[in-house]
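Quick heads-up: structures coming right below.
Here subunit A shows up in two complexes: once beside subunit B, once beside subunit C.
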Partner chain A sequence: MRAFEIIGGLLALAGLWALPQWGELSPYVLHIATLSAIYAIPAIGLNLMLGYGGLVSLGHAGFVGIGGYAAGLLMVDAGWTFWAALPAAMLASGAAGALVGALCLRLRTHFFMIVTLAFGLILHAVMNNWEELTRGPVGLAGIPRPEAIALFGAEIAFRRLPDFYRLTMAAAMAALAVQALIVRSDFGRMLAAIRQDEVLASARGVPVMAMKVAVFAIGSAIAGAGGAFKVSFLRVAAPASFDMLESINIVLIVIVGGAGHLLGPVLGAGLFVAVPEALRVASAWRLVVFGLVLVLLMRFAPQGLAGLAADAVRRLRGKGALRAPGHA
Partner chain B sequence: MSDAAAISLAVAGVSKSFGGVRALADVSFALPGPGLYGLIGPNGAGKTTLFDVIAGRQIADAGRVLLDGRPVQGLRPHELAAVGLARTFQECRIFPEWTCLENLLFSLRPKGLAGALGRIVTRRATAAAEAIRDARRLLALATLDAYADMPASVLSFGQRRLLEIVAALMGRPRLLLLDEPAAGINPGLLGVLADLIRMLHAERGGLFLIVEHNMEFIMGLARHIVVMHQGAVLEEGPPAAIQASARVIEAYLG
Partner chain C sequence: MLLAVAEQVLNGLMLGSIYVFVALGMMLIYGVMHVLNFAHGALFMLGGYCAHLVFTQAIGNYALAILAAIVMLIAVGAVIERTVFAPLRDNLRNQVIASLGLVLFIENLVVVLWGPNALQFRIETTQAVVSLGVLRFRVQHLLIIGVCALCVTALFLFLQRTRFGTAIRAVAQNPRAALVVGIDVVRVHRVTFAISMALAAIGGALLGPLFLLFPQMGDLPLVKGLAGILLGGMGSIGGAVVGGLLIGVIEAVSTLVIATDYRDAVTFTAIVLVLLLRPQGLFGVRTREEA
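What follows is the complex of A and B.
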């Protein structure tokens, strides 16, 4: 039955990889798919914090922004390649995450939420107002797509959408793989222990504070990677891409997708980006639709899309729903 | 088993105030070796505060806590766990999403952050077959073997308490603090609980310090009892001497 999952996963991957070759598809669809992958990356970072560690951060887009601006500035002002700017962006947002985490993770849940919200607002204000560095509200323009690479003798030119799409898919898959490794490790077990009962986890020997700072840094570093891909895709880094609404969007993606499920952020991002577009509901209505979906999901499937899927698989296999929810 | 044979706990001159309320006033006693010890006292005597000081949840204003003669006051709970202390909680804490077996096995996993990060790529958090056998045996002793692979959230309160105790013991602590193990337990099960604690102590050794309200329960279990009253030690000695002490009787009745 494990083989069933692996084959299914490989088929889905092959299908996604071949998406640009599906003939009839317009670049529009590829655009949507690329954007979904780009949203999935920071959502995976937040899922580690929120879904597995129980840390609700309302300022996640700020850390996406740090990565985005770091990558953009390094490419535009310092002339770095995308490949050098990407790890630097992750390092910058990861370090910022560790710093903010060390400052405010001592606060209990709702106070922590408020402080992360404030940090998101501060970061947005800095992007808006530090014009010498960030170019202000109009944004930092002229960010290039990643440089072409040669693979097995064939040139992959990321300035073309199909290749860039495949790059973001691969990046999202890499983030998923990192997430899976973390969740299955001792580190992941300690995170889950903290989410279930912080006091007990501490009594059992888990260094709770250090763990929280570490997962905040890791989640922020992954967000930073998402930011680098986002600005390279949009060719511009603008404050509006990293505002409070965007932070809320990422939280919604994680919750609707299924917090604490490995595939939750990917499903959530796909739904968040693709469905309203497919319905041709303009962006003004996206949140209305999404809000409605959120209400329905929380009422009928509090474990999100991934929880629904897991239940369906269990039912297909004829196993009772004995295991507790929340386990991916 | 790391030296459960040589363990001692001493509290020396511990004081703790909350605002104007003096919860602990110069508390001192020494528990010289492995065994079952009781800590009793009327409501408000300071038992829980003292417990929290020993377990690192509260920092004493003054005084020292000595584990094997080494001062450990001021260490945080996870650092105390690393030197061999485990505890249970009055309100009973377990990891509800994990199975009973997972609750036990988690006690055995290494908890260092750097090590855990280093092992992310190389190894999954799986347990050795021997550890799993040991965990299943402990669950059987606690009459929880039928629930080994079910989430701990399905257990009744009394069963959770049993799970909490065996999970704390799974890590082979040298010092185990049990905070009112009999609280909220069906009176019919108290005998089972006392037998389990006695059996586990006989098997695993170490120093068990049990805070308890239920006199009958603790008198039958502990070999040495410390009585607290109004934030200080009132009396200590074997159960028979405590039960005969006029001062103790007065403190409880007066």
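What follows is the complex of A and C.
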């Protein structure tokens, strides 16, 4: 069964990698696929916090914005390359996450949600109003795509959509890999212990506060990477891309995909970006439907799509296991 | 300077009254059902749109339009309470996320039905001006403050002097004990939700004519109302009133000192400071374990 999963995963990867070569595929499809990958990255960061750590942060888009603006400003004003600006952006949003986390994580449940919401709004207000730095509501324009690199003698020009698409796909895969490593490490197990019973975890010697701040910082750093890719893709960093609605959208992506499942954020991001495009619905209708889906999921399937799929697989396997002794 | 301060204080009281409508509604639901309804701002906005709809399409009488908006919002609230919050009781995370879903649903449904552009809501009281000494104000300012004072007084009397009000307070203190002494807890939840919806409808219908109606008009009052609740102390009705008014006044007066662009950031910073330095608020006591 494991071999089956690995082969399936590799096939899916190969398919995604070759997407730009699929016959007469329009640039439009690549555009959608790129945007899905870009949404998946911050969602993976939030999944670590919300799905695995149990921390419902309502200001995640603010940290995506810190990464986006840090990368944009370093490239536009300081003339850095994308490759230098990307780690700097992650460092900036990760450090901001550690700072905000250290302040907010003393609070729990409602209070934690409100204070993260407030921080998201403060960050948005700063992006909107600190005109000397951020250029205000119109946004920071002229952000370049990543510089071309030479690999095995061939030049990869990320100006072009197919190569940029592959880059964001690779970045999303890297974020997924980081997520899987964290979840399966001792760190991830301690996180699960805190989520299930904080007092018990603390009594068993888990450094609760340090763990929470760490996962907040890591989640924010991943969000910052997403921000850097987003502004490089859109060529502009504007406050409207990082507002409260966007924070809710990221929560939505994580929940619809399945919080606490490795592939949940990817499923959620794909659905969030691609399905409405495929159905060609107006953007307002799309959010009406997603809002309704979110409410319905909470009522009837709070484990999300990945959770539903996992349940289905378990049920199939469970039946097989029950039947097996009779056949043997 | 003194004149400017007085003017801003009255402006602040008007804004604060709007925040009190939001804060009281959220506070009641939090106190009785122990959940924060993040869709409250969207419902506040819906109240404004309902009043506008009735005013322009049906009767053209502002007071009746507000009453109609109250009835419509109570109906919407009844559906939401029964289909979303009641079934998810005792699951805080899922309730909050469902309420975020409601925000998306309601705000964008309004965009679909009424369009994304702001609507004008013209009534006489926004045009008429009244003089208070050297200060001149629109009648609508005074109307908002007056209606708010009236509603707060009525709510206090209801909660303190009536049998059902006592039942609501009992459920807020201890739902299980309330059930044991024979209080219909489900009914208390429903009535509380209806009161909260009525307050949201009044708030939205009062604010609409003063500025414009637009789908996101409830977002900031939601956050400001939350700030008021936190400032007053989570779980205290009086605290929500004082906190809401204070946030309005602080915000208005702060515009004399710092750039207006940062007016909203002042409130958000107040939330963060209160939560970090005095999580029980000005009047609250630290009871529940999350603070």
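Criterion: the second predicted complex is superposed on the first by the 311 of 328 C-alpha atoms of A that agree within 3 Å, B and C clash if a C-alpha of one lies under 4 Å from a C-alpha of the other, contacts with A are read in each partner's own complex, and residues count from 1 in each chain.
We take it that a residue touches a chain if its C-beta (ideal position, glycine included) is under 8 Å from a C-beta of that chain, and two chains touch if they have at least 3 such contacts.
Since this is a predicted model, take the numbers as computed values, not measurements.
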Between subunit B (first) and subunit C (second), which does A:Ala214 come into contact with in this model arrangement: first, second, both, or neither? first
Could you look at A:Leu151 and tell me whether it touches subunit B, subunit C, both or neither (first, second, both, neither)? neither
Pick one for A:Trp285: touches subunit B only (first), subunit C only (second), both, or neither. second
Partner chain(s) touched by A:Ser185 [first = subunit B, second = subunit C, both, neither]: first
One more residue to check, A:Gln196. First (subunit B), second (subunit C), both or neither? first
Among the partners subunit B and subunit C, which is in contact with a greater number of residues of subunit A? C
Check whether A:Val206 is in contact with subunit B, with subunit C, with both or with neither, and answer first, second, both or neither. first
Per the contact definition, I'd like the list of subunit C residues that touch subunit A in the complex. 30, 36, 83-84, 87-88, 91-98, 100-109, 111-112, 116, 219, 223, 226-227, 230, 234, 259, 261-262, 264-265, 268-269, 271-272, 275-276, 279, 289-291
Looking at the complex, which residues from subunit A come into contact with subunit C? 54, 56, 58, 103-104, 106-115, 117-119, 121-122, 125-126, 128-129, 244-245, 248, 251-252, 255, 282, 284-288, 290-295, 298-299, 302
For a test of understanding, state which residues of subunit B touch subunit A in their complex under the given definition. 55, 57, 76-78, 81-82, 86-87, 89, 93-98, 106-107, 109-113, 115-117, 119-121, 123-125, 150-151, 153, 171
What part of subunit A is in contact with subunit B in the complex they form? 181-182, 184-190, 192-193, 196-197, 199-200, 202-208, 210-211, 214, 322-327
